[in-house]
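Shared between the two complexes below is chain A, which pairs with chain B and chain C, respectively.
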Partner chain A sequence: MNTRTQSRFGTPELLFMLSVGVLIVVVAFPMLLIFFNAFWVDGHFNVADVVRVLQRKETYEALLNSLILSGGVTVTGTIVGTFFAWLVTRTDLPFKKTMKLLFLVPFMLPAFIGALAWKMLLSPRAGYINRLFMDVLGFDGPLFDIYSYAGIILVETMYLFPFVFIQVSGALERMDPTLEESARISGADLFTITRKITIPLVLPSILSGALLIMLYSMAHFGTVAVLGVETGIYNIPVLIYEKIHQSAGSFDSIRTATVLATVLVLTAALIMWMQNRVLAKGKYQIIAGKSFRPTELKLRGLRIPMLILCIVYIGLTIVLPTVTIFLVGGLKTYGLSFTLENLTWANYNHILFEWDLTRDSIWNSISLGLASALITMFAGVIISYVIVKMKVRGKGFLEFLGMLPFSVPGSVIALGVILAWSGKFGINIYNTVWIILVAYIARYMAFSLKANSAALEQVHDSLVEAARASGASMAQALRDVVVPLVRPGMVAAFFLIFLPALRELTVSVLLYGPTTRTIGVAIYTLNEDGETVYSAALAGIALIIIVLGEVLIKRLVTQKNGA
Partner chain B sequence: MNSVRIEADNIAFSYGEPRVLRDINLSIEACELFAVVGPSGSGKTTLLRVLAGLEQPSHGSIRLNGVDVRDIPVAGRNVGMVFQNFALWPHMTVFENIAFGHPSAQSSGTETVEARIEKLLAILDITETRAARPAQLSIGQQQRVALARALVHEPRLLLLDDPFSNVEQELRKQMRHDLRTLQRKLGITTILVTHALEDALSIADRLAVVVHGTIRQIGSPTAIYDFPNSIDVARFVGVENFLAGTLRHVERQMIEFASPDIGTLRWPMRDRPAEGPSVLSIRPHALHLCPIDSFRDGRYSWIEGDVVASEFLGEVVRYRIAIGNAELSVKQPHYLGATATPAGTQVLIGFDPSRARIFPAGQNADMSTPE
Partner chain C sequence: MRSTKLLSLCSTAILLGGLSFGAFAQQKLYVYTSMKESMVGGLKTAFMKKHPDIKIDFQSAGAGKLMAKIAAERQSGKILADVLWTSEVPDFYQLKANGLLLPYIPAEIKALTNPLPDYDGSFTAVRLGTLGIAYNTRHVKEAPKTWDDLKKPAFKGAFGIANPALSGTAYMSVAVLSKTFGWEFFEALRANGAKMGKGSGQVVDDTASGDLLGSLAVDYITLDKVDKGATLNLVYPPEMLVIPSPAAIFKDSPNIDAAKKFVDFILSKEGQSIIVEDGTLPVRTDVKIPERFKQLPSVEDAMKRAMKIDYQAIMAEKEGTIKKFTDIMQK
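For the complex of A and B:
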C-alpha cells in the first residue's frame, strides 16, 4: 500500500468498505454459491454435467413452460394494458379518472390469491361457475378449465397488466400534445397520426412495460403452483420448489435447482439488458411544456359499450375474486352453496384467535416485514449515500451489487440463502425465521437503494457545503441537513418493502420451517392440504391487511406532500 | 404564392367557465406580417389555435379570403404552424419531419415534394442537417426545420406561436430578421404570437395587443408604442409612470391637470380628452433629471423630488424619485465615467407635458397592480 492511499483512508473509505462488506455477505456470496454449485462438480469445473441436467425431461419442460407462460402473459398483458391505457387517456370514456384508479387496484392484490379465487370459481369439476353451468344450466362439460396454460395465462394477465398500463398511460399523458397537433396541421388523419407519431413515441414505454411483465412472470411461483399442480404444468420456480422440498437436501436435487436458478438468472439478465437498450434508444424528450389537452377520440356509439367493458373487466379481476375469497372463507364446508345458513364467522375466528399455525403466520409476516423494512431502509440510506454522494473509487461496483437482486428472481435468492446459511460455512439458521429475514433483506435491498438514491440525488452537495461553511461538523451537517431531506425517501423505502414482504410467497415458500410460516406460505400450504375454506379465510384477512396498509401509505404520502 | 386575407368576426372561446377569448375582431391583409402581443396568460396562443382550427370557437366566424372555414377541418385549411417548442418529431429525421403528411404532398404541379424540400432546406441554410434527428440540432436549426415543415405544403397562412421564446437574445435578433426577410420573399400572410414586445415592434407590419382575452388596440408598431389607447396597453408597451389627478379644459386648446403630488400643469392639446378624474402617464425616459439648483427652462414643467433608489442598467440608469406620496421612474442615459446620483439627493424633474398621455380614471380596475 502506498502512502497516498494510507493517508486517504478516512470515513468515506470505511463506509465504503462496510457497504461492500454487507452487500457481499448478503447478496453476492449466496449468488456466487449458486453458480459454484451449478458448475463445480466433484472438485472441478464441469459444463457437460450442466448440459446433462438441462437435457432431462422435467428440466426442459419447466424451461419450455416458463417460456410459453411468460411469453403468453407478456403478449396478452401488453395488449390489455396498452388498450386500457389508451382508453383512459385518449378517448371520451365516461368516468375516466375513476377507471384509471381502478385499473391500478390489481397491482395491490397478490396474484396467487387471485389464482386461488379463480380455482374456486373455474376448476373443472368443483369450480362454482363450472358447476353452475353443468348442474343448473345443463351443460355437458365445464365452461372453462382454469387448470390449463390458457387459464394460468389469463389469471397472470389480470394481475400483471398494470405494469404496461402504468407505463403507457403515463407516457400518453406526459406526451406533448403539440407533437400530434403539428401532424394534424400537416394534413394527416387520426389513423396516420396514431400509426406514425403516437405509437412510435410511446413504443419504448410499451416495450419496457412488456419486459417488466415478462421478468415478473418468469420468476412467478404462486399462480403456476396453485393452478398447475393438478395437470402437471410447472415452470422453473415451481420446479425449484419441488426439488428443494420433496427431496430435501439431496445433492442431485440441489444441483438441479442451482442449474435451473442459473438459467433463470441469465434469462432475467437478458430481459433487463433488453429493457435498458429499449430505454436508452427510445429516450425521446416528449414531455410537454405548456399543456393543452390532447385531442380526445370521440367514441360516439361505442362510449357506453366501452364503459361496460371496463366495468366488466374490473368486476372480473377485482370484485368477483375478492368476493369469492371472503364468501368461501365463511363457508362451513368447501363446496356448499353460498346461502346464509351455510355461512359462518367461525372460520375467521378460528384462524385469527384459535389456530396457532395461522395466527403465527400473521405474526411472522408482520414482524418479518417490519424487521426487513427497517434494516433495509437504514442500510439502504447509508449505501446510497456512499453511491450518490461520496467520491470513492469503485462505487459503480457497489451500485451493481445493490441493484443485482432487483432482477434476480425470488426463488434464486432463496436458493442462494439456503446454500450459504445452512451450516456449510459455520452458521446454520435453516428452518428459523432468521434465514427468511436474510433473504428478504437481500431481495428488497434494491428497492431501498432506488428510493433513497432518488431522494439523495435531490440533496445538492452545496447544501452540505453550506452547513460546513456555517461551522457545522460533518456529523451535524448529516443530522441536521441531509437526514431531514431524505426522510421522505426513507419512508417510501420502508413501505415499498413492508407491503410486498407482508404477502411474500416465492421466497418464503422455499425457506419456511414448521413454526416459521408466513401468511403467503400458510395460505398456499392450507390450500395444498385441501383446507380450502381456511385458506380462503386467511387470504381474506391478508387482503384486508394489504388494503389497510395501502390506504395508510396514501394518507401518509399525501399528508407529506401537502405540508 | 397564393396568400390569403383573413377575417375574424366576434370570436369567443372558453374551456369551461372563465372565457379565454371574447369579442375578437380582426382583419389581416394578404401578405401582411401581423403580430399578436400581450402578457402571458392573455389568450394570444389560444387565439392562434382557434385560427389554425385546433380549437373550435364557441362563438363567431373566421373567413379566409371571404370563405367561412367553420366546417373545414385542420387538415383542409392549408395553414402552416410553428409551435412554441417546435414540436419536431424526435423519432424522425429532419427530412422525414418536413415530408410528413399531406395527401396532396405527392406532387404539386411540376415540382416534386423532394425537390421542394431541398429548395426549402437550401433557403433556410440547413441542407446539411437533412439526415439528422431533431435532438442533434441547435435551437436555431430546430426552429428553421419547424419553419420548413410549416412551409413545405405551400400554406396560404403561416402561424407562429412564440417561436423565439426559447432562444437567447443575440440569436433571437438574427432569427427574427431572417424570418422577416423570408416572409417578404415568399409573400405569405403571417401571424406571429409573442410575449416579447421587441420582436413584434421590430418586424411586424401591424400588431394587436391582447389583454385578458380581448383585443385592446390594433395599429402599426409606432402607433401602439407612442399612442397606447388604455392604461393596460400603456403598461404593456413600457410606460411606467401613472399619476392620478383631475383634468379640466381651460381656454381654447388648453388643458389643466391637477394632482396632489405634482401640483397643477397646463399645456395645449388639440383633441382634448373629457374632463374629470384622470390618469397622466409618461415614459421613464421622457423625464429629465437635473440638479436642484438648475435653471428651470421654460419649455419644461418642473417638479422637485428626492432620489429613493438608483439602478444601473448599462445604457441607462433608472431612478426612483419620490414626489409627494407618489414615486416616479426616471431613465437617464449613462455616459462614460458618470456616477449615479446617490439616494437622498434632492433633484428637479423636468418634462414636456405634451409627451404625456391622459386616460380617464377608473378605466381599468387593475391600474394599481404591478407588472
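For the complex of A and C:
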C-alpha cells in the first residue's frame, strides 16, 4: 500500500473516526452517566442509596405493575396475534389478503391516542359506551371500567399484538407444507399434526414476537399514564416522569430516576437475553426461505362467523376508536352527546390556525422527525458501511454502541440526555429543541443501522473491487457504486425513523420546554389539563398526518422496488 | 430521476428544519401562567395588536409544574420566564423573599382593588379568582347550598378536588378551607368518597363528562364550559373562596420593558374587560361583569363573603398542608 492510496483512504477513515465519535457522544456517554449517577454519590461508590430507593413502596409497586401489565399484555397479545396469524395464513377465510393488511393497521396508530379514545368510550361514569348501557339500557353500573389493570392490558393488546402477528404469519407462510402432509399420510389427525408439527415449528416465532411485546410494554408510557393515573396504577416510565416533573427537577429526584432507569434497563436486558436464547434455539432449517403454498384448513360452516369475528375485531379496535377521536374532537365541550348541534369545526380551526401551542407542536414534531431521520440516515449508512464492509478493529464495539438504544427504553435515553446536556459538561441545551433532537438521534440510530446494514450486505464486495481496479478512488467507488445500491435502504431508514419520531411521546414528555412541545406531548398535556376536546382534535389531526406519511412511504417504497 | 427526487426531499427537509430552528432563536416575552387558553388566548391577540413589536409566548401549566420548571431553570443558571402569573400567592411571597422579583407599580394603580397585604409592586393582583362548587346537572338535581352539602349522599364517591401539588388554586383552597373549617371538613369529604384529581381544569372536565358528580371548581374554567353547553352549574356557598391571581416580573428578565407593557396591559380597562369576558372577577371597579355570568357575585359581595387568608402562615405551612391533604385523600 503506497502513500497515494493511503491519502485516498483518508475520507473513509475520517468517517470512521467521526462515526465512532458521534456514537460515543450521542449514545454511550448519556447511558454511562445514568449508571454513574445511580451508583456514585459525591465521588463515592454508594449502594446504600440505591437500596433505599429500591425499598420504597412506590419503586417496587411500579416494578410490580410493570411486570403485571407487560406480562398480561404479552399473554393476551400473543394469543390474539397467533390466532389471527393462523386464520389469515392457514385457513380458507374469505378476503384473507385484505384482512392481513388490516391487522397491521394498529401498528401505525400511536397507542396513547388509542388509550385516549378508550377513556372516552369506557371511563366508568362518562364513557360513551358505559353511558349507553347505564342511561339508555338501564344498567346499574358501568359495563366495563377502563381505569383498571384489565383495561390497560386490553388497550395495549390492541396496539401491540401485530408484533406476534407479523412474526407468526411470516413463519407460517414460509413453513414447508410437506412436513404436515407426510404426517397426514402417515395417519396423524389434525390435532396431532398441530401439536407435534405446526406448533413446534412456529414456536420460536411466537416467542420472539411475545418478547418484543413484553419489551415494548415494559417501557411504554402513554397508555398507563392516560388510563392508570386515575386509580393509581403506574409503571416505571410513569414514575420516572412524575419524579422529573413534580419535584422541581432537584438532583435528588433525578438520582431516584436514574436508579429506576437502571431497574428498567436490567429488566429489558433480561428480556433481550431471553429472546436471544429463544432465537438461538429456534434455528429450524425446516422453515425454508422460499414461499410455499401451505395447505389450507377448510373452515366450512365457520367461514362466515370467522369473517364476522375479524370484521368485528377490526371495527372495535381500529374504526371505533378512530371515529371516537374525530367526533370528540368536534364536540363543543366534553360530555355532550353526539348530536349535530353539539358538533363544530371550531376546535379543529383553533388547533390548526389560532393556537400557538398546537401549531408549534405540529411544526416541532415534523421538523424534529425530518432532522433526526436525515441525520440518522446519513450517519447510519456510514456506520453500517464500517460495520459491514470495512476491516477495522473494534467494529464489533461500534455495532454494540449503535444497537444499544434498541434495547434501552425511551425514558432512560431521555434521562441520560438530561444528565449529559443540561450544563454539567459545558453544554446546556435543556429546554431547547436540540436536546430532543439529540435524544431522537440516539434512540433511532439502531433503526437506521438495521435498515442500512441489510441493504449493504447485499452489495457484493466485488463491485467495489471492480470499481477500484478500474481506477476509481475509494470516494468515487462509494459515490458511484455503493450509495446508489443502498439508496432503498437509506430511504427505508428515513421513514422508519420519521414516522415513529412524528408521534413520539415517551422521550419528549421528559424533555419538552415552553416552546418545544411535540404533537405527542401536546396531546398528552392537553388531556392532563382537562382540555379533552382539544386533545382529541389534535389527536385526529395527528392521525391524518401519520396516515398520509404511511401512504407516502408505501408509494415511495413500491416505486423503488418496481424500478 | 430518483436521485433528484431524494435530493429535493432532503433539501426541503433541511430547509424546513433550519427555518424552524431559526425561529426558536427569536426574542420573545415568556409568560408562565396557570391561566387556561380560554383566558390567555384573547389577551394575547389583543396585546399583540397593540404592541406588534413584541412576540409573546405563554407557557400554560399548573402552578406546581411551573414552579418546578422555574426551580430547574434557576439551577441551570437562567430563568427563561419573564412574567409569572398564577394563583399560588405564597409562591410570589417566596420569590420576593428570594429577591427574584422586580418591583413595578403599574401605571393605573389608582384604579385597582388590591387584596394583597404588604404591597410594594413586586406582584400585583390581576384577577380575583373565585372557586365554587361545580356539579353535573344530569346527575345532581338539587344545587348544593353550603360546604356541608358536599358530605351528603348526592356527591357520594364522586366529588373531586384538584391536586394541590399541581394546582395553585387547589392549594390555596385547601389551605383556606382547612383554616376555616378544620381538617375535619376534608376528613368528612373523604368519608363520603371524595377524590383527589390532577389539575384544576381536569376536575371540571371530568365533572362536565359526568365522571365526577361535582368538584371544587375555578370560576372561568367552569363558566367557559357552561357557555359551550356543558351540563354543568356553578354555585357559591355563603363563605366564599376568593383567590387573587397576581402577576410578577422577574428581575433578571432581558425584556423588562416588554414585561412592564404586558403587566400594564392586563391591568388596563381593555385587558380587564377581556379577562371578565371569560367569567372571573376583575380587579378594576370600572369594569362590569357581563350579564350572562349570573352565577358570579359582584366584586363587593365577593370581598365581603371571602374567607380570610393569612398569606405568611400559608407560605410557611405549604409542604405540611399538601402532605396532610394528600394523606387524608389517599387513606
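We take it that the second predicted complex is superposed on the first by the 543 of 563 C-alpha atoms of A that agree within 3 Å, B and C clash if a C-alpha of one lies under 4 Å from a C-alpha of the other, contacts with A are read in each partner's own complex, and residues count from 1 in each chain.
The rule is simple: a residue touches a chain if its C-beta (ideal position, glycine included) is under 8 Å from a C-beta of that chain, and two chains touch if they have at least 3 such contacts.
As the structure is a computational prediction, the values presented were derived from the model and not from experiment.
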Fit or clash between chain C and chain B when superposed on chain A: fit
Between chain B (first) and chain C (second), which does A:Ser123 come into contact with in this model arrangement: first, second, both, or neither? second
Chain A contact check, chain B vs chain C, more residues touched by chain C
Taking the superposition as given, does A:Asp176 touch the first partner, chain B, the second, chain C, both, or neither? first
Using C-alpha centres only, what angle sits at chain A with arms pointing to chain B and chain C? Round to the nearest 10 degrees. 160
Report for A:Asn342: first if it touches chain B alone, second if chain C alone, otherwise both or neither. second
Which partner chains sit in contact with A:Gly187 here, chain B, chain C, both or neither? Use first/second/both/neither. first
Based on the superposed arrangement, let me know which partner A:Ile366 touches: chain B (first), chain C (second), both, or neither? second
Figure out whether A:Val433 sits in contact with chain B (first) or chain C (second), or with both, or with neither. second
Three-chain overlay, closest Cα atoms of chain B and chain C, distance in Å: 38
Those residues of chain A which chain B touches in one complex and chain C touches in the other: none
Provide the residue numbers of chain B that touch chain A in the complex, in ascending order. 45, 49, 52, 54, 74-76, 79-81, 83-85, 87, 89-91, 100-105, 135, 149-150, 153
Show me the residue ranges of chain A that touch chain B in the complex, using the header's touch definition. 176, 178-179, 181-189, 192, 196-197, 200-201, 282, 284-286, 289-290, 292
Which chain A residues qualify as touching chain C in the complex? 123-126, 131, 229, 245-250, 332-336, 342, 354-357, 363-364, 366-367, 370-371, 373-374, 422-423, 428, 430-434, 484, 487, 491, 513-516, 525, 528-532, 534, 560, 563
Would you tell me which residues of chain C are touching chain A in their complex? 2-3, 6, 10, 13-14, 16-17, 19-21, 24, 28, 30, 32, 36-37, 41, 44, 57-62, 64-65, 67-69, 71-73, 75-77, 80, 136, 158, 165-166, 198-206, 208-212, 221, 225, 228-231
